[in-house]
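Please find one structure pasted underneath; my questions will follow.
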Amino acid sequence: METITSIKPLLAVLVSLLITPLLISSKAPNVRETWTFVAAAVKFLIVLSMLPTVLKGTEIVYTIAEVVPGVAIKFRVDALGMLFALVASSLWIITSAYSIGYMRGLKEHSQTRYFCFFALALSATIGVAFSANLLTLYLFYEMLSFATYPLVTHHQDREARSSGRKYLLYIVGTSIGLVLPAMLISYNLTGTLEFGKQGFLAGAGASKPLIGLLLVMLVFGFAKAAIMPLHSWLPAAMVAPTPVSALLHAVAVVKVGVFSVVRVLTGVFGTDLLLSFNFGTAIILVASVTILVGSFVALSQDGLKRLLAFSTIAQLSYIVLGVGLLSPKGMTGGMVHIAMHAFGKITLFFCAGAIFVATGKKNISEMVGIGRRMPVTMTAFFIASLSIIGMPPCGGFISKWYLVLGSLEAHQMPVLFVLLTSSLLNAAYFMPFVYKAFFCVPKEAMFENTVQEAPPFCVVPLVITALISIVLLFYPQPFLRLASMMVQGITGV
Amino acid sequence: MSDLISIIVANYNYWIYITLMMIGLYAMIAKNNLVKKIVGMNIFQTAIILFYVSIGVKKGATIPILQHGHGHGAHTVVHAVDYVNPLPHVLMLTAIVVGVATLGVALALAIRVYDRYNTLEEDELLAQIREK
Amino acid sequence: MIWPIDLAILTLVVIVGIGALMVKDLLGAAILFGAYSFMMCLLWTVMGAVDVAFTEASVGAGVSTVFFVGAVFRTSRRTKD
Amino acid sequence: MSHNYPALIVVVPLLSALVISVAGWVNKRLCFPIAFAALAVAAYSSVGLLFRVLDEGVIVYKLGGWDPPMGIAYYVDHLNGLVLTVVSVVALLNLIASKKSIEEEFPEKTGPFYTLYILMVTGLLGIVVTGDAFNLYVLLEIAALTGYGLLAMGEERAPLASLNYLYMGTIGACFYLLGVGYLYIVTGSLNMVDIAGILPSLYQSKAVLAAFIICMVGVWLKMAFFPLHAWLPNAYTYAPSAASSLIAPLVTKVMIYVMIRLILTVFTPEFSFNVLAVSDAIVWLAVIAVVMGAILALAERNNLKKMLTYIIVAEVGYMVGGAWLGNRTGMTGAILHIVNDALMTLCVFLVVGNIVYKVKGAGFDDLKGLFRKMPFTMGAFVVGAISMIGVPPTCGFFSKWYLISGAIQAGHYGFMVALLFSSLVNVVLFFRVFEICYYEPFSDHHGHGHDHHPEPMDEAPLSMLVPLYVVGAILVLVGLYTGDIVDQIIQFAIPKGLV
Amino acid sequence: MKITGLIVTILVGGLLIYAAADFPAWSDPNSPASTYLSPHFIEKTMEETSVPNIVTAVLADYRSFDTMFETTVIFSAGVAVFILLRTFRRKEPEARHYRHVLTGVTMRIKEGKLPPSDDFERIDTLWTPPDLIIKTVCRLLIPFIQIFGLYVIAHGHHSPGGGFQGGVILGASIIVLAISHNLRTVVKRMSEKLDAVLCAVGVLIYAGTGALCLLLGLNFMDYSALASVLFVDPIMARSHGILIVEIGVGIAVMCTMVWIYSNVSSRGRYEQGL
């Protein structure tokens, strides 16, 4: 594999970090938001400019400093990282636009702080995507945890405080309590933390119990992946403003968690090691339980955002499940699902936010007939939910298809069952809502029969993401290609 | 006989220094009155000085001032065995000074404490602090 | 060095030291502490440490005691132990 | 002049302290510039010295021109070159930062205050640079006496706390002196290197054993190692902020340096780790120290400064444990943590200084809404707190990394767990503070936060903020350059014999 | 607390007694302490520094650096006591105690109400009737004490004594004055400012001598560098250097003792001593 050295990854990370002083110092909101857009666009362009290089099979590396012998703070842009960075940076632009609409629509306080920490969180996300070793990943992972805290607790009321506590307890507690020691133990075993094609732990000759222990610590340690039983911070974090929830649960936080888990499974342990110790099954088991339980819980939720949160918990485990299958198709499916789920879920959150901005309603039971009042929003919602369920004409279908193929390839029939059941459950919690939104008898309807959408800054982004969800079915190329390149690199198939 | 006695004296010397030190240490920890603690602190320090001075003692030697030292040219051969070890004395001069300096600061602090609480007894001080 | 004197002074030092800590009057303690310092000074003279003894005589028995007395005057003589 | 750096580093502050004392009686405004110049020279020469050591190796400076075992000599090697730099830089930054508060709190006593301040720094620098065991004692007393004076100038409980510190500190210093006496009685020498040369034939001597124990206990008392820590929290809490932000970062750290110097140079690692089989027990003591420090900090629910002092107690446990793990990695971690902890502690104490300057108190009640009121100060606080917690890329993470690595290599998982536990507790502690500062008093109107009127911004003056931000930047830079610091400096500070 | 104290004491004492077993025999001329460094000091002092009192030579030359810091310790104690205790009173007290010298009547007179007569003498609150014997004896003794102090400083090369002891004696003479008369008498002769400045100057003489050696091109405190300034040979220069620093120590110690005493005995008010 060729590598070239370039400062671009560092720039991509720094853009949004360096923008914060400008954000703080800008007096007028319009200037501030212009800067946000500039940063988002620049970041996206930098990421995009690296895409051709990566697609050619070349990796881009950049080392900042070697902090511990054998371990540096280092960036490496490979296919998987590129995939994630593309998703995150492109969605930041859209989320920024949506944030403006949402925050201004609700006249929220402390908007400067909000945009600053949003930018910081994006820096950390791109950092995670491009990190070349576990230490760098850990660095940006923690940075993300701290940068999102003020976002989650934006309202600064009692509820925000208790949710914030829960958020930190789960996220930081696990990363310091589990990831850090695991990282140190593996460093002392091998002397390196660099993600390898087949994992750096593979050659260490560690015993099965030790590897198992490390696996548990690392998989559960990245609690942002919300694998049960460490999932309950996610519904709690729903107190945040909706763009934050959208960013958290579609792009940044949870995806970073699940991306880290994928990185750990492929780059730290390696598929061969996991296969030889037969740990794949255990991962599948955990993921399956999370999928099913998450979906069932989602069924019983009334709060729209809480429903989406549990849906996210379930969907994230698809990704873990895919990689846990350890078969090429399954892993491809898991990785592509990062992108597909991102576009789908962010649309859903945008819709929830738009409804809140326009009507002030948060619960499903209060939204009967809303389709008549906000047809665009609800259509987008419908498309996105199709994507989440995994039905054509949406991108979600591709990832689910690959997951199914992967489970067949790995001869894991129970997984097929899990996938099927959860798709049914997905349908079961989304469809009645969508149905009632559009087709209710007039006396049930809770809204007047006039079209009154949210501000355009809210609606346009969600339309765009919904459209992208559809486009991705027909043109999944950059993501699918990147995922299969990554898998090819790992397995050689 | 005189050997035996000198051994006893020798050991006695070390024991006394340890005893004094322990008296001082005990007073510093267990005494209730702040000034008493300071007295204990000084006894503790002097005990250490006693120990150091004991190191320097040499049988059959005299004080460390050269006898025929007046004038520049009056060189006579000086034998080390004739004079006690001067180094511990030097060190202990410093230690005494440190002792009196510490004493001064400690007393100043005690006066400040007394100004505030009107007592020097530790239990009464603690009671006053707890009341607040 | 004359050992009976040495022994006697050593014993006396301990007694005076304990006395300084036991006496239930801080002024008394200060004076006894001066006596203690003076005993020490004698002891060191006996050991040949004339400079140290000189210093202790002027500092320990002299100035330190005055400091103690001054401080006791400015606070209180009362002590419970 | 670079030949004389080792002397200058101590003599320039000393002379200027005397000049300040005189100047204080003439014109108070002269004091600060002189103090600043002195510490700047000290910082400059310590950095120069460090670079010379990197080039040439150990520098020996004979004071009075007498050869080492006779006279006193300064030995500057990689270890104390590093610590010197830290001490002088921390003192300089703190001096700049606390100018305002000193002048406000002690309008009539600025001269003596600066005198004591500079004398204290002189003492600390001297402790670090000296190669003579007895000279170290004298300097220890300078640092201690000035410290008692400075600490007692604070709130009304300060004199009592300081007096308790004085008792404990004197016992500690006397124990150290006694230990040196025991070494002297069996070796006849006071020079550290010289003692180390004579000791190997005496490893089995009871007197050496006793000297070792007594010295260690003395040093532990001075650094507030757990069961001997009782004096520290009150003494630092009630002190004036200028004094506590000088003393809290430096004194305990310098004492750790003394301990490491004793282990490495005087008693040699061979004796400390192999002949005495006590390192395991001491690491367990350190484990207790770390855990208890963390728990005590958790139990403190009134005062930010007091909470921080308990964290210092825990941090002392880190370093003692790291040094006693008996391997190279652990020792590296301990030395690195001296640097990092000094800077971190400075950062958080400067923040407390700013808060006290503006809000007139560091109780948890005083902190409400501070993120809005003093956003820049609190921003620096976040950096310091993150470093204390141990999050990369701040330096606190990397020393913790080495400490835990050392624990793993030594097979001492108890210490590892203790370190992780204390990191987690630090998360809780600091986020408890952040919460108080972040959430303003809740209004009854349950909803978004835009309906109450927050206090307007009221930041500390620029002269306090700039040093704070310099420290914050240093925290990150030291973190990023950890690799270089370890490769170029600390590696050479540890004798080859220690694996 | 008592039990803790007892346990600690017993533990430490036990350790010390245990260790004492390995000490070299008491007053053994062959103990390491007596054979390693001290022979050099005893035998070479005269030819290297030309000072017969070995303790002085080692104190102020071989280990002069220690002694410089010893003086600094005293100085910092002085400053610490000052900063701790000194309180500057902004407004004068309303009334003071005066004694009519001729009649011996003591009275409290409000500020500004003092009759313009020389017969009134200001006295302390803790005033006791003057004891003629004490006052006279002290007045007579003080000059002799001071001369003795100066002698001790100057003759430290040849006999026990030196800057420190002499300084303490000089300081004590002034303290005696303060006790026998009152603090104001002392302050009249030596103001607080002078006292404080002299403290620093004393140490400055010491450290400055060392720094002068440094400026003259040799190491810090290497008095032989002074040879070119004093026009003597390097060894004699050491002897003179020792004298200079001893004078510095003397001044510093004297003033610091007075400073500490004044602050402690007047609780920092500088009005009434003992």
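Each chain carries a letter (A, B, C, D and E) given by its place in the written order, and its residues are counted from 1.
In the analysis below, a residue touches a chain if its C-beta (ideal position, glycine included) is under 8 Å from a C-beta of that chain, and two chains touch if they have at least 3 such contacts.
Quantities reported herein were computed from a predicted structural model and do not represent experimental measurements.
Without subunit D, the rest of the assembly breaks into the touching groups A | B, C, E.
If you take subunit B and subunit E together, the chains in touch with both are C, D. Looking at the partners of subunit A and subunit D together, they share no chain. Chain centres here are means of the Cα atoms, and by that rule the chain farthest away from subunit B is A.
Distances from each chain's CA mean to the overall CA mean are smallest for chain D. Among the other chains, the CA centroid farthest from that of subunit D is the one of A. Counting C-beta pairs in contact across B-D and across C-E gives the higher total for B-D. Subunit A and subunit E have centres, each the mean of its CA atoms, that are 74 Å apart. Each chain gets one centre point, the mean of its Cα atoms, and the points for subunit C and subunit D are 37 Å apart.
Each chain gets one centre point, the mean of its Cα atoms, and the points for subunit A and subunit B are 71 Å apart.
For the pair subunit D and subunit E, the distance between C-alpha centroids works out to 32 Å.
Shown for subunit A are the residues in touch with two or more other chains, of which there are none. Multi-chain contact residues of subunit D (touching two or more other chains): 134, 138, 141, 145, 148-149, 152, 159, 184-185, 190. Contact of a single residue of subunit B with at least two other chains is seen at positions 6, 9, 13, 19, 21, 25, 54-58, 61, 63-65, 87-89, 91, 93-94, 97-98, 100-102, 104-105, 107, 109-112.
Which chains touch which is summed up as A-D, B-C, B-D, B-E, C-E, D-E.
Looking at the complex, you find that subunit E touches subunit C at residues 27, 53, 55-56, 59, 126, 152, 160-162, 164-165, 168-169, 171-172, 175, 179, 257, 260-261, 264-267, 273-274. By the touch rule above, subunit D contacts subunit B in their complex via residues 134, 138, 141, 145, 148-149, 152, 156-157, 159-160, 162-163, 166-167, 170-171, 174, 177-178, 181, 184-185, 190. In the complex of the two chains, the subunit B residues touching subunit E come out as 6-7, 9-11, 13-15, 18-19, 21-22, 25-26, 29-30, 54-61, 63-67, 69-70, 72, 75, 78-83, 85-91, 93-94, 97-98, 100-102, 104-105, 107-109, 111-112, 115.
Across the complex, subunit D is touched by residues 64-69, 72-73, 106-110, 135, 138-139, 142-143, 146, 150, 153, 155-158, 160-161, 164-165, 168, 172-173, 176-177, 180-181, 184-185, 187-188 of subunit A. Of all the residues in subunit B, the ones that touch subunit D in their complex are 21, 25, 28, 34, 37, 41, 44-45, 48, 51-52, 55, 87-88, 91, 94-95, 98, 101-102, 105-106, 109-110, 112-113, 116-117, 125, 129.
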